[in-house]
Amino acid sequence: MEWDWDFVRQILPTLIQGVKITILATLLGSVLAAIVGLGIALARRSPNKALSRTVGWAAEFIRGTPLLVQLYFIFYVLPDVGILLPPLVAGVIGLGLHYGTYTAEVYRAGIDNVPRGQWEAAKACNLSGRQTWTHIIIPQAIPPMIPALANYFIAMFKETPLLSAITVLELMNQAKSVANTYYRYIEPITLVGAFFLAISLCSVILLRWLERRYGKIER
Amino acid sequence: MTQWSGYLGLILQGALVTIELTLMGSVLALVMAFLAGLGRLSRFFALRALATAYIEFFRGTSIFVQLFFAYFVLPLVGFELTPLQAGVLALGLNVGAYAAEVVRGAVQSIGREQHEACIALNLGRWQGLRHVILPQAFLVMLPTFGNNAIELLKATSVVSLISLADLTFQAQVVRAQTGNTMVPFTTILIIYFILALLISWGVRSLERRMARGLDGVRV
Amino acid sequence: DDSKLDQLKSQGFARVAIANEPPYTAVAADGKVSGAAPDVAREIFKRLGVGDIVASISEYGAMIPGLQAGRFDVVTAGLFMKPERCAAVAYSEPVLCDAEAMLVKKGNPKGFKSYEDVAKDTSATIGAPGGGTEEKLALNAGVPRERVIVVPDGQSGLKMVQDGRIDAYSLPVLSINDLMKKANDPSLEVIAPVQGAPVYCDGAAFKKGDEALRDAFDVELAKMKKSGEFAKIIEPYGFSAAAAVSTTRDKLCAAK
Amino acid sequence: MIKVDAISKSFGTFKVLDGLSMQVMPREKLALIGPSGSGKTTILRILMTLERIDGGHIQIEGEQLYHMERNGQLLPADERHLTRMRQKIGMVFQLFNLFPHKSVIDNVTLAPMLTKGTPRAAAEKRAMELLDMVGMADKAKAMPAQLSGGQKQRVAIARALALQPKIMLFDEVTSALDPELVEEVLNVLWRLCAETDMTMLLVTHEMGFAHDFADRVLFFDRGRIVEEGKPDEIFRNPKQERTQGFLKKIIAAGHRV
Amino acid sequence: MIKVDAISKSFGTFKVLDGLSMQVMPREKLALIGPSGSGKTTILRILMTLERIDGGHIQIEGEQLYHMERNGQLLPADERHLTRMRQKIGMVFQLFNLFPHKSVIDNVTLAPMLTKGTPRAAAEKRAMELLDMVGMADKAKAMPAQLSGGQKQRVAIARALALQPKIMLFDEVTSALDPELVEEVLNVLWRLCAETDMTMLLVTHEMGFAHDFADRVLFFDRGRIVEEGKPDEIFRNPKQERTQGFLKKIIAAGHRV
């Protein structure tokens, strides 16, 4: 089978439609994941054992099972209990929940990585718990989290093709639809691959920059 | 009346395929991880470049795209692969690229002083790596390898989309036969979770065994 | 040349693509492949000296690319003959014929009779298998792309109608009837046949270049049609043997 | 005055302090010496409320540290009580523990501004005086990462002084420093000792300094005070065998006493 | 004999060694002293081939260290040449650098078995002799994590000796130890010094030990040798102002000279 540039030109506009949805899903999913992760991290630190255990197990469960199946579940099973979500919303919720369990770990590690000496120095300075968090711990914990969070958001971006399984017309679905119409797979799939590679290579550069900028605090 | 026992049989068959994929994919990923991870640390530019290209390519493009590429496009250019081979290849190469960075990071995390001790004892590069650096680095890698294996397990669900009869696929079949969505999906979510727990339990006990006597040194 | 057939004979089985859409194709609880199309194919291959068929389930859209990529030797999945498809693959003579149907909510609230009706109602959405005949029929009738929802499988389509995510789900008549039978849901209704949509017939689809194998297949198919064995296989599934005998590949591939 | 009464402390099954009692007079300069692992750091951390005690009582200026009296009953102290008690105490750590994301002057002004509501201008004025005292006024705008170990430790001392504690705790404040930098910090401690009337407790391995600095020396071993007395007595005429052995080793290792 | 001829070494733009030359006689015991950052560690690391030099030459027992002669030409040394030269040299590090995943005896036997192909039995026999010499025979099966700092350092010394180098380099081998543990290690060094005919180069802040141990003392400052001589000359009668200043500070900091 030969590579056909005319065909590429013909399908490009359709694929760009898909790119828009892909990016939208990633952005919304990232925001949700950042918030969900914070919720999970806080709940897991909570002194309320029942809460922290339950949330802990739920997060483990979500992290240990495939996003694809979770998407099926949200899209096809939840309506049975009366929750009917449009495909894109279901997809964003799936991404946000799934990656929220990862960002929660980033938050946790960021906080745990502030050395114990800093907590003790804060106490020796007689700061209150709240002051210790806002003035000492959080300012030191956040910068190293930024590259790690960005890393997960990029990973999420690469998983958006899964949304095609719940009828979201993102890039991969558009590509398949094109392939189905013209019985040619080579161009659409290669283009999708090239697109993901291009974005990922750019994001590698962004990540390196973030790491340099925020990665380490000099002590 | 629905013959659940027969359908459970189907799902268990799917579980076998999932396990098979996870195991074979993990072996390939492990091999690639060490080849590429150490390649990236090599003194030779060509090896470094090759390893970097492999890692960036497979981390950069989505597993989804890689799978479709292996399944639909490779045969067009003369590479015949069974669905199982395509699945193992895509999963192993993809996760191997992530794990390669783990190998590299772990080797680099072993302090420079250990490398220097090797030089001072006149060990060759390979001897030092083999007897001093890797045994210590492996302990650092293990927990992350466990996570990688779980990521691989989860990614196997995607092969259902290239008609490999894994868990997710069989759940779809059962769903088509019975018209029931909730039961098959809930069942496979639980099976996936159990498999993930098994992996992390296995890795943890391996870690404990290997860390014996090393208490308080690293990790 | 007969090299492809010889190859199948020596390996002892043929790889077929199916869709798991009863009654065309189905996978039983024990994993055994059945359905009208595979049953016909199995019998014919047996006569050609190929012991068995091995099926893999695939989306409709993936079948022709998979055939071209050499993933299967033949598609026996109710892939209806149409001029563009005839150009992409080598069809056998017709096997299974069926008209199109739509699954809608009880009482057909939007009053659909044809794909054009769906096109006219600007709020209506219709589901169809990706890469299937129904998707193209809807698009050709003027339903815009964003209102044609690509649904991965029949069960999902049924569910989406039940949940009100789509207003209609279109498949061949017998497939819809089978879905309805399983769902047994009084809140749904079948519109069959869809007005203005032609009766389609499928054939076994071979890779371009495997015409020799296709021709051998045709010879056995013709024999079976004549002897009545063909009818014996497909009629229990609800298909009409007479419809398949009354038309030809050349007619269907030429149809506009 | 500090009154430590039969306190005990375990980590897991390991008993670090076992019924330890001691008293420190107001303005007294106390040196705590003893072998590694003997519990010197632990007692300072307990006084700073960084560790809880398992048993016993501590009084600081007549008030219970870990307990509060309510209706004639002794209850475990709550956070408010601890906060109030901590105002009396400051601590300087072996590894400085400066806040790495704040400049030198911000390190010093942070606590007064937050805990006492001192206005920024006043806090900075006072901070500059303290930095001047420790010889670090010219580095007020620097970040901790730009300082040498000795300089960091001097800032840490200024930071602890900014809250004007009555009692200052120093835990091996020179032992993380290069030999040449030790002097800088010891000089600051000398001045502090001479100029203020704070009670000072100092854990150190610098025997020479302990000798010259302290009003009284406590020798710790395995969580107990084995010997105590005036520096001259302890260093010239140790009575206990354990003390003699310790000092002999230290001398053999090349330290001046 | 070691001949260092006008070597220079920079890190980035910072020149650490600048045309340094020195000679060490066979069996000589040399002490290197000087302020922090003066390049003492760097010269040892260069001799151990842990750093490359930017210019100059080093000869060890008449052979070039960083160069090799091929057809009358001096070429940069390749890995094989370096491996051969390293057989003559051993080094003990400030932070011990034991292999934490190997038992004490495996630490000692690893290098002989791998680099010389010594059979396990012979390597273990020799290792036990060495461990016995440093007083660690009873801990042969222990893991490094179970040892105190002084014990670790003694194992590190045994490990370096196992390769029977002609030249041993010691870089502040006691300065990471608690004062009480320093003695253990110094004792081992004394014995070593008395019993073997190895050439020994020792960087230390233990002036007393340097005084008693060394045949000759080199005083480093900013990458140059400012003063050298017999220990008595240097410590009692330093000629250079810089040396006098350094020794005064060290004394003030409480170290015996």
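Labels A, B, C, D and E are assigned to the chains in the order they are written; within every chain, residues are numbered from 1.
Note that in this section a residue touches a chain if its C-beta (ideal position, glycine included) is under 8 Å from a C-beta of that chain, and two chains touch if they have at least 3 such contacts.
Bear in mind the structure is a predicted one, so any value in this text is a computation, not a measurement.
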Smallest number of contact steps required from chain B to reach chain C: 1
Partner chains shared by chain A and chain D (touch criterion as defined above): none
Shortest chain-hopping distance from chain A out to chain E: 2
Chain whose Cα centroid lies at the greatest distance from that of chain E: C
From chain B, the most remote chain by mean C-alpha position: D
Comparison of A-C and A-B (more C-beta pairs in contact): A-B
Centroid distance [mean C-alpha coordinates] between chain B and chain A, Å: 20
For chain A paired with chain C, centre-to-centre distance based on mean C-alpha positions, whole Å: 39
Chain B-chain E separation of Cα centroids, rounded to whole Å: 45
Separation of mean Cα positions, chain D and chain B [Å, integer]: 52
Chain C: positions in contact with at least two other chains: 62, 65, 68-69, 152, 159
Touching two or more other chains - residues of chain A: 1, 76, 165, 185
Residues of chain B engaged with two or more neighbouring chains: 72-73, 76, 161, 181
Touching pairs - complete list by chain label: A-B, A-C, A-D, B-C, B-E, D-E
Complex interface listing, chain B residues touching chain C: 3, 6-7, 9-10, 13, 71-73, 75-76, 80, 83, 161-163, 165, 169, 172-173, 175-179, 181
Chain E residues touching chain B - in the complex, by the definition given at the top: 45, 48-50, 79, 83, 86-87, 89-91, 93, 95, 97-101, 103, 110-111, 114-115, 143-146, 159-160, 163
Sites on chain E touched by chain D in the complex: 35-36, 174, 178-180, 182-183, 186, 205-209, 246, 249-256
Parts of chain A lying in touch with chain B, wherever the complex brings them together: 1, 60-61, 63-70, 72-73, 76-77, 80, 158-162, 165, 172, 185-186, 189-190, 192-193, 196-197, 200-201, 204
Footprint of chain D on chain A - complex, ascending: 115, 117-118, 120-121, 123-129, 131, 135-136, 139-140, 217-219
